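Once you scroll down, you'll see the structures, which are given as structure tokens.
Two complexes follow with chain A in common, the first pairing it with chain B and the second with chain C.
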Partner chain A sequence: MSDPALRVDGLVVEVTRDHERFRAVDGVSLAVERGRSIGLVGESGCGKSLTLRAIMGLLPDRAAAVEGRVTAVGAELPLAGKGVAAARRGRLGMIFQDPGTGLDPVMTCGYQIAEAPRRVLGMSRAQADERALELLRLVGIPDVERRMRSYPYELSGGTRQRVMIAIALSSEPKVLLCDEPTTALDVTIQAQILRLLVDLQEEMGLSIVFVTHELALVGELCEDVCVMYAGRLVETGRTADLLARPLHPYTIGLLRSAVDLDAEVTAPVPIPGSLPDPLNRPSGCAFHPRCFLARPACETADVALAPAGPGRASACLYVEELMTRGLGAGVP
Partner chain B sequence: MSASPVIGPNAGGDQAVALEGLVVRSHPLLRKAAHNRSLIAGASILGVMILLAVLAPWIDRYPPLEQDLTNILALPSWEHWLGTDQLGRDVWSRLLWAGRFDLATGFLVVLIPITIGTIIGTLAGYYKGWPDTVLSRIIDVVMAFPYYVLIITLVFVVGKGIRGIFIAFALTDWVTYARTVRSSTLVVGRLGWSSAAKGGGLSDPRILGRHILPNTITQAIVYATSDIVYVILAVVTLGYLGLGIQAPAPDWGSMIFDGQPFMTTRWWLSTIPGLCVVITGIGLSLLGDGLADVLRPE
Partner chain C sequence: MSPESLMEVRDLHVHFPLKGYGVVRAVDGVSLRLAPGEIVGLVGESGCGKTTIGRCITGELAATQGEVLIDGERVARRRHSAVRRSIQMVYQDPATSLNPRLSVRQVLAELLRVHHLVPRAQVEGRSRELLEYVGLPPRALDGYPHQFSGGQRQRIAIARALAVEPRMLVADEPVSALDVSVQATILALFAELRERLGLAILLISHNLAVVRHLSDRVAVMYLGRIAEAAPRDDLFDDPRAPYTQVLLKSAPRLSQVGRTPEAALKGDPPSVIAVPSGCRFHTRCPRAEAVCAADEPRLLPVDGSGPEGSPAEGVRAHLAACHFRAERPGARVGVV
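And now, the complex of A and B:
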């Protein structure tokens, strides 16, 4: 197996809230092969976005990556400090959730796309503009000459998201980190943006880390998936395999709570309760207060991600039961 | 309406479209400005005041300092449009020159605090950390003092006149700009495009200068329009108290003060300079309101 495009080992992100520190991301490890994509799934607040921002070196003020290694395209990237942006240049690019605030309102789209090629890659103005036109065409925007001179407020949400992708691609990254890029968009536009990401992945050999709270989207885009709960990975595997045969009660819960238009009995079943307060983390398996399979051992046992068949890993104590009884099989 | 034939159903409309086209082709901000009534009204009022001040050397009728002790407190006449003051100086000419001094002082005095405040506020809001904490406490302390008391005290200490005014405002007035710009830098710095700019590998000076500042400076500019009113009022007040622009140079404040003893018989000596202050204030306020609308990011 060749060197992965992006590799994260034992990433820990600490967050300070009300003068107390807690681990919002606790020992996350993942790897993305060149030209492949991985989905990072979980409820809001489970640490997916922090993981992504830590990889990109763009953590908010109250958060800090305290442990872990990030390597991308053959180089280890510093998690904090002066060289953070420089080390990621040409390796990582990121697109953000909200197309409404993702673009600088006072600069034209063309300026924003051409900026990195000009200032970071050292192209001339003409070259950079040419590159910006190319990128706009690449992300499927019609009438590119006019769009170059457009201000962000003149664009629709979907077009803005495309421009943001163009900006992220303008510094020629090998790995694209996507932080819920479709959540704020209409369903029809969502599908277009996903299609675009798949195309980019194939055409440019781009690797993608795709953060979302919708498992269904991961099925459309990613070969691999990591399910995250309360700061830890609880299950990983090949997407098709994992969706067909989930091996963690949380994944099963996520699948059951999604609306499935193909299934005959369509009522979604919510996961009872809500994410634990990170300052008051349940003992043992953090998911046990909400788990349909919880037994007394879950409250004390130290759970960790463990191999569960070829290409699979799960952090459930009773993973074998799930495998043999096929509890998760056939969940809508 | 005349009965002349209308060329096509949309003749008037076409003209509007053509006009619109002229504006539309320009920058979107100009397009918005052209439709903003309070901006246009404020700019017009202020424009007239500035024009009168600038043209003072050509449209005055007498040198503003020229005394004619044989003709004091004259009533308005063709020779002296607004009469003469207690030293026989032409009031119309003095009014123009006073506007020149007061407006110039107001605009120039604001330049220093807006520059200092914007730079400090931007750096504090972007880099945060302990310098930001220290700075915010300093701002709180300065703001805790009553504005006028602070200015008057400082002018007393540094010395009367223009120099004192400049120093007093440079020392105190930057805090409002720093605070405004700091808080909008904090907000803007959290937005996706700031992160994108950082993630894209752009340098800090570039992010600050080309992205953060253009988004936050509007706040400072809008505040500056009302700040100029405060400064002019303060200059006039200081002039009234004898601490501002020094006699015999004309100034609306000292004119109000000098005219006061003659309020019952020559009411315009004090009232008209006062009106000038009020009109300038209204013009700047309207301009500020309009600018706030136009510059608000979409």
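And now, the complex of A and C:
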């Protein structure tokens, strides 16, 4: 197999809150091949955004990546320190949830897109502007000449997100990190942005890491998916296979609790309890207090992601039982 | 004319003047009716006017034109307290709609005392009962908002709305700020409250799945007007307004894993200051013909029979504001 475009090994992110430190991301490993996309799914606070920010070297002050290796396009990237941005340039690009706050309100779109080509790729102003026009066309914005001179407030949410994507692509990355890029958008615009990401992936061989809380979105966009709970990956696999045959009780819970457009026949079944307090993480498997399958062993055993059939891995002690019984067996 | 309607909105217009730019017609002629115990979903994309309608109904905003009726009586924005109490609002984000410095007990007790709803000695008991309605234990009374999870906070916000004994709730995106695993529990709570208390609910949401899950009837809005209104299953199984069809096509579904995302609509919604002529959707509509740019279609029954009307008439009717409302989408794309 060729070298993956992005590889993360044993990433640990520690966060300080109320003078206490805890592991918000605890040993996450993942790999994305060239031209493929992977989804990272979980509820708020599970560490999915921190994982993405640690990969990009953009952790907030209260957080630090203390362990792990990130390799992209053949080079190991420093997790912190001086060379963080330089090492990622030309390898990784990132887009964020709210395109309104990600853009500089007092600079034109053209200036913001041309900045990286000018400063980083060493292009002249004219060359960089030409490149910015190309990028605006690439992300499907009509009337590009006018949009070059537009300020962010003049644009709709969907167009702003397209500009964000153009900026992320301006330093010619091989991997695009997406942190809930459609959550702030309307469904018809969300469909447009998803379509654009798929096209970019196919045309440019771009690899994509897509963080979201919505399983249905991953199903449309990503070949592979990782499900995250309380800072750890609890299940990974091919998306279609994983959604059809989930092998971790948390994934089963997420699927059964989803208020889906087609699910009105079977009423959603909520997951009992609530997300654990990161300062007070349950012993053993962190999901055991909410799990329908939990047994005494779950409270003490050290669970880790283990292979569960071709292309699959699950961090459930009783994964074999789930494999033989199928979806939802034993759910009250 | 309509004795069984609890709340009715007739030809509501809400316009916001923008200095130097013109007028935003946030709501531009909407009629809507809720019977006691009925749940009506109001869906549409951001900026379509759905929240503005909710705020007119509760009296937070004044209508530019048109009227709001409660029990058949026309009410103004300023209302007698008994009328005001009858319709309460539940907001999107319980983290910001609850006062962080008041305990749950203080929040509920204040309402009960100010409105003289129960004798002083019974305030505590009634507070516990309200928490029981929303599925929280009595010990939650001593908690402050930050000590609760998002789902629990939304339950507290609902208990607060219930304290003044309303007959109708306006729930504005009540689960959008919540985690997916708890959204279903809050929706189930609304359904239970309707059963137990006979509450009517106007459910405002951009999320089609949420609306489908809970509503008896659904109205779809586009740029300040209702594009389609129908009993839930009619709307989701046989949508007639092209805008509704596009919305349904754009929504992600778990059952469609592996499908390539399809951008069913090109372009952005038009500016609310310069609403297109004719049918407001014609600039983006896949079905548009010349007539659509010229004539604005009225909201009429899709089968062509029956009286002309608005959702205020004929509650069970399937209405759409489209010149081609009689066509079924299957026939339109030539499915054999």
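As a working rule, the second predicted complex is superposed on the first by the 323 of 332 C-alpha atoms of A that agree within 3 Å, B and C clash if a C-alpha of one lies under 4 Å from a C-alpha of the other, contacts with A are read in each partner's own complex, and residues count from 1 in each chain.
Heads up, the rule we're going with is that a contact is a pair of C-beta atoms (placed from the backbone, for glycine too) under 8 Å apart; a residue touches a chain by one contact, two chains touch by 3 or more.
Model, not experiment: these values are computed from the prediction.
K.L.:
Taking chain A as the common reference, can chain B and chain C both be placed on it without clashing, or not? Answer clash or fit.
P.N.:
Fit - chain B and chain C, as placed by superposing on chain A, sit side by side.
K.L.:
Contacts for A:Thr188 in the overlay, against chain B (first) and chain C (second): which applies, first, second, both or neither?
P.N.:
Touch status of A:Thr188: second partner only.
K.L.:
Scan A:Leu243 for contacts with chain B and chain C and give back first, second, both or neither.
P.N.:
A:Leu243 contacts chain C only, not chain B.
K.L.:
Applying the document's definition of touch, where does A:Met164 land relative to chain B and chain C: first, second, both, or neither?
P.N.:
first
K.L.:
Determine, under the contact definition given at the top, whether A:Thr16 touches first (chain B), second (chain C), both, or neither.
P.N.:
In the superposition, A:Thr16 touches no partner, neither chain B nor chain C.
K.L.:
Using the touch definition from the top, say if A:Ser283 reaches chain B (first), chain C (second), both or neither.
P.N.:
Neither partner.
K.L.:
Identify the partner contact of A:Ala258: answer first if only chain B is touched, second if only chain C is, both if each is, neither if none is.
P.N.:
Touch partner of A:Ala258: chain C, not chain B.
K.L.:
By residue count, is chain A touched more by chain B or by chain C?
P.N.:
C
K.L.:
Working from the superposed arrangement, determine the closest approach of chain B to chain C, counting only CA atoms, in whole Å.
P.N.:
Superposition on chain A places chain B and chain C at a least C-alpha distance of 9 Å.
K.L.:
Please write out, lowest number first, the residues of chain A touched by both chain B and chain C across the two complexes.
P.N.:
none
K.L.:
Show which residues of chain C lie in contact with chain A when the two form their complex.
P.N.:
Against chain A, the touching part of chain C is residues 45-46, 149, 151-152, 175, 179-185, 187-188, 206-210, 212-213, 236, 246-269.
K.L.:
What residues on chain B touch chain A, complex-wise?
P.N.:
Per the stated touch rule, the residues are 28, 128, 190-193, 195-203, 206, 210-211, 214-215, 297-298.
K.L.:
Hey, which residues of chain A end up touching chain C in the complex?
P.N.:
Checking each residue of chain A against chain C gives 43-44, 142, 156-159, 186-192, 194-196, 198, 213-217, 219-221, 239-240, 243-244, 253-255, 257-264, 267-271, 274-275.
K.L.:
Under the touch definition given earlier, write down the residues of chain A that touch chain B in their complex.
P.N.:
For this pair, the touching residues of chain A are 53, 56-58, 60-61, 85-86, 88-89, 92-98, 101-107, 112, 115-116, 119-120, 151, 153, 164, 167-168, 170-171.
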